[in-house]
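The structure appears below as structure tokens.
The first chain written gets the first letter, and so on, giving A, B and C; residue counts start at 1 in each chain.
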Amino acid sequence: MYLAETKMIDLIKQQFLYKVKANLGFFFSLLAVQSFALLLSVNGIMGMGTGGPYLSINVNAYSNDLIIIFTMVWAFTIAVTLTTKEYRNYDFTFVSNRLTSNLSNILYLGSLALFSSVTAVLTGILLRVILFFSKSDTILSEYYFYISPYELILSIFVITLYILLLSSIGYLAGTIVQLYKPLSVILPVITIGLLIVEGRRLGKISAYEFFVQEPSLFLFTIKTLLVSSILFGCVYLLSNRMEVRK
Amino acid sequence: MIECKDLTKTYGKVKALSNVTYEIKENTITGLIGRNGAGKTTLLKTIAGFYHPSSGEIMVLKENPFNSMKVAANMIFIDDQMKFPPALNLSDILSSAKGFYVNWNEELANRLFQYFGFRPKQSHQKLSKGMKSTFNMIIGLSARCPLTIFDEPTTGMDAAVRKDFYRALLKDYIQYPRTIILSSHLLNEIEDLLENVLLINQGKIQLHMSVSDLREYAIGIRGNENLVENQLIDKEVLYKESIGKDSLYAVIKHDAGEFSVEKLKIKGIEVTSVSTNDLCVYLTSNEKGAIDDVFS
Amino acid sequence: MATLGFLPIMIILFIVVGLFFLQRFSHHRGVRFLFSGYLIILLISLITFYLLPDNRLSKINPFTSSINDDVEINKFYEKAIRGQIEQLEDVKVREKWEFEISGDQLKVSEPEEFYTTYLFERKEENDHKVEIFHYASESLVDLLELKDKHNFTISLEDNVLRMKGPDPIQIKIAAFKKDFVINQFSSSKSNDNYLNSFGHLEGNQVIYIRVPKDIEISSPHYIQYVGEE
């Protein structure tokens, strides 16, 4: 009898490929979410009129903020979905242990983060192109239209990090809820409650300050990667004792 | 291959397995027999490393199976609860499985796939219960894992497919020996297939022996109530049932040499062998009275 | 913005429902084509974007343009009333008129929709000349080279000064905000309140009317003289 000596890295690769194939539906939902956001954004998110009797200025604001936010929420949802019993069991149908299952999930979430970030930013470009051709009577401010390749890549990079962070939060929250079902109600309530209390008492939210107000790209990268790694690590510790295929 | 020592698994206050100790040797086919809720699935899933034992020790391939890469890579667990992503059709599932199992026999998989009349584009979710079991069985056989576990593999299969499955299992086992554990609540259909039987009852191992030993384990005696009762003194009675007015049928543990079949015959007591299936039912019945007592 | 709170919940619902249906159909070929089509469109738009002709893109940047900001709007009128308007940078005479006047009376007639401030200044002598200057700070009108279409009409006949403002011009601007995620790394907080920053692009203007020393002015409105606080 020949005993298989599977290397962990090969198994993770195999599981990753399996997940890509098995979860093509995620990509379609991404498409749906981003198209929906594009549709909502195409008429502008805000308008402002100003000026006097002789000269009136109407500024219409466009942005792909909505597309980015939708994509972030999507990624969070996907991360939670991956922790459900059904999706965990898909892993353990074939060769898997808790470590490889988590690592391949993290790899998968990371790839989704990059992919969804690229498509979100490109959807923003598509919105600009639509704007260019559809609003022929409108002046386009170059400063508020053009995006340099550097800004494009920076945007993709930063959104990827944000999505990775949100994915790790979703992945941890999902795992905790799977372990202790009643927390599915308590956890969101506590989170939102804490945010409100902190916001009221201190007039600021420390998580917001920690990430969103970090002006250094380098520090931001370190912070997001570190925090996501810690959260993913917590998932591993939690799921290490978890029984599967129940 | 598998060594179990004092293995106990509890869910809350319920003991699903209590102090289970046994050993399963390499390249054997073992039948895990027990009634519903006896702890078969719990035992198998503990072997597979899906569940964590509450106490005691389990070693598979000389490793603790929980989180063991070695066990995961060399084990396949087939049951009717197997879940596949809905996005994958049957042929996708087979090609995915091929990537996971180094010993995967594609030819066997394809042949069985065609023989049982599956179509590549079918969705696993839409298969009937029996078809699902059949498909899962194809995966289990083709994976050719050193440790192959089938938990109630024939759920929903009709008699013809069950027969085909057992034949296929045996043929492939001969061609490619491996350790197979097959759980069922019925022994008669798989008796010819098995080398060993592990009988489990209420979380405890009732007996663990080869099938040939099991066939000799007990005998049935039938005759006049008083005569039979006389014979039962000092014997381990496994089952007792009144037949007709004053006739009694009893199953007793067979201790070789102690009594002569000839002597009994002279006394007018009929001696019969007990089918292994019935024996298992007797061994695992709760009380010595069975269903009749409910109505008396 | 209050509705934004419900947005994530809406999105999650939308995604969950979407996932449920899409999982069922995702092995359909059509859906795969749809998805590839989406990716191709994104790629094409990326290429198109960098090939767009830039003649439609205006160089207007409310943050780097020299157009006065809010503080200087007040300064503009302050200086104008003191007669020191020419001290301001970016303020130029856009139009100029000169009329001969006989007699000692000047009647001002303005249509109801005349909104520009006008100031009178008496000259040192009686030269029978009315000089009118239209001062304007730099505005969108300059940037977009619309000066020719944005003229005042001023005439003086029979001692009646008639003033009419330019025909209204409407300017539409589309501004595409930078992605909010990169804003935290740029030193210019250009995304904050960026819409209002377009507001002062309207610019400021004032009309100076220099009249002979002893002329009597009558107007339906209060007569504001330069240097008179």
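The criterion applied here is as follows: a residue touches a chain if its C-beta (ideal position, glycine included) is under 8 Å from a C-beta of that chain, and two chains touch if they have at least 3 such contacts.
None of these values were measured; they are calculated from a predicted model.
Trainee: Which chain lies at the heart of the structure, taking centres as C-alpha averages?
Mentor: A
Trainee: I need the chain pair with the most C-beta contacts, please.
Mentor: Highest contact count among chain pairs: A-C.
Trainee: Averaged over CA atoms, how far is the centre of chain B from the centre of chain C? Could you give it in whole Å?
Mentor: 86
Trainee: Quick one: report the Å distance separating chain A from chain C, using the average Cα coordinate of each chain.
Mentor: The mean C-alpha positions of chain A and chain C differ by 39 Å.
Trainee: Just curious, how far off is chain B from chain A if you go by their C-alpha centres, in Å?
Mentor: So the centre of chain A lies 47 Å away from the centre of chain B.
Trainee: Would you pick out the residues of chain B that each touch at least 2 other chains?
Mentor: In chain B, 85-88, 92 touch at least two other chains.
Trainee: For chain C, what residues touch not just one other chain but two or more?
Mentor: Residues 23, 26-27.
Trainee: Where in chain A do residues touch at least two different other chains?
Mentor: 24-25
Trainee: Touching chain A in the complex: which residues of chain B?
Mentor: 26-27, 45, 48-52, 61, 67-70, 72-74, 77, 81-88, 92, 96-97, 99-103, 146, 177-178
Trainee: Which positions of chain A touch chain B when the two form their complex?
Mentor: For chain A paired with chain B, touching residues are 1-6, 8, 11, 14, 17-18, 21-25, 86, 89-90, 92-100, 240-241, 243-246.
Trainee: In their shared complex, at which residues does chain A touch chain C?
Mentor: 24-29, 31-33, 35-36, 44, 46, 48, 50-65, 68-70, 73-74, 77, 81, 119, 121-129, 131-132, 135, 137-147, 149, 151, 154-155, 158-159, 162, 212-217, 220
Trainee: Where on chain C does chain A make contact in their complex?
Mentor: Those residues of chain C that touch chain A are 7-8, 11-12, 14-16, 18-19, 22-23, 25-27, 31-32, 34-35, 38-39, 41-43, 45-46, 48-50, 52, 54, 56-64, 113, 115, 139-141, 144, 150, 165-182, 184-185, 190, 194-196, 198-199, 201-203.
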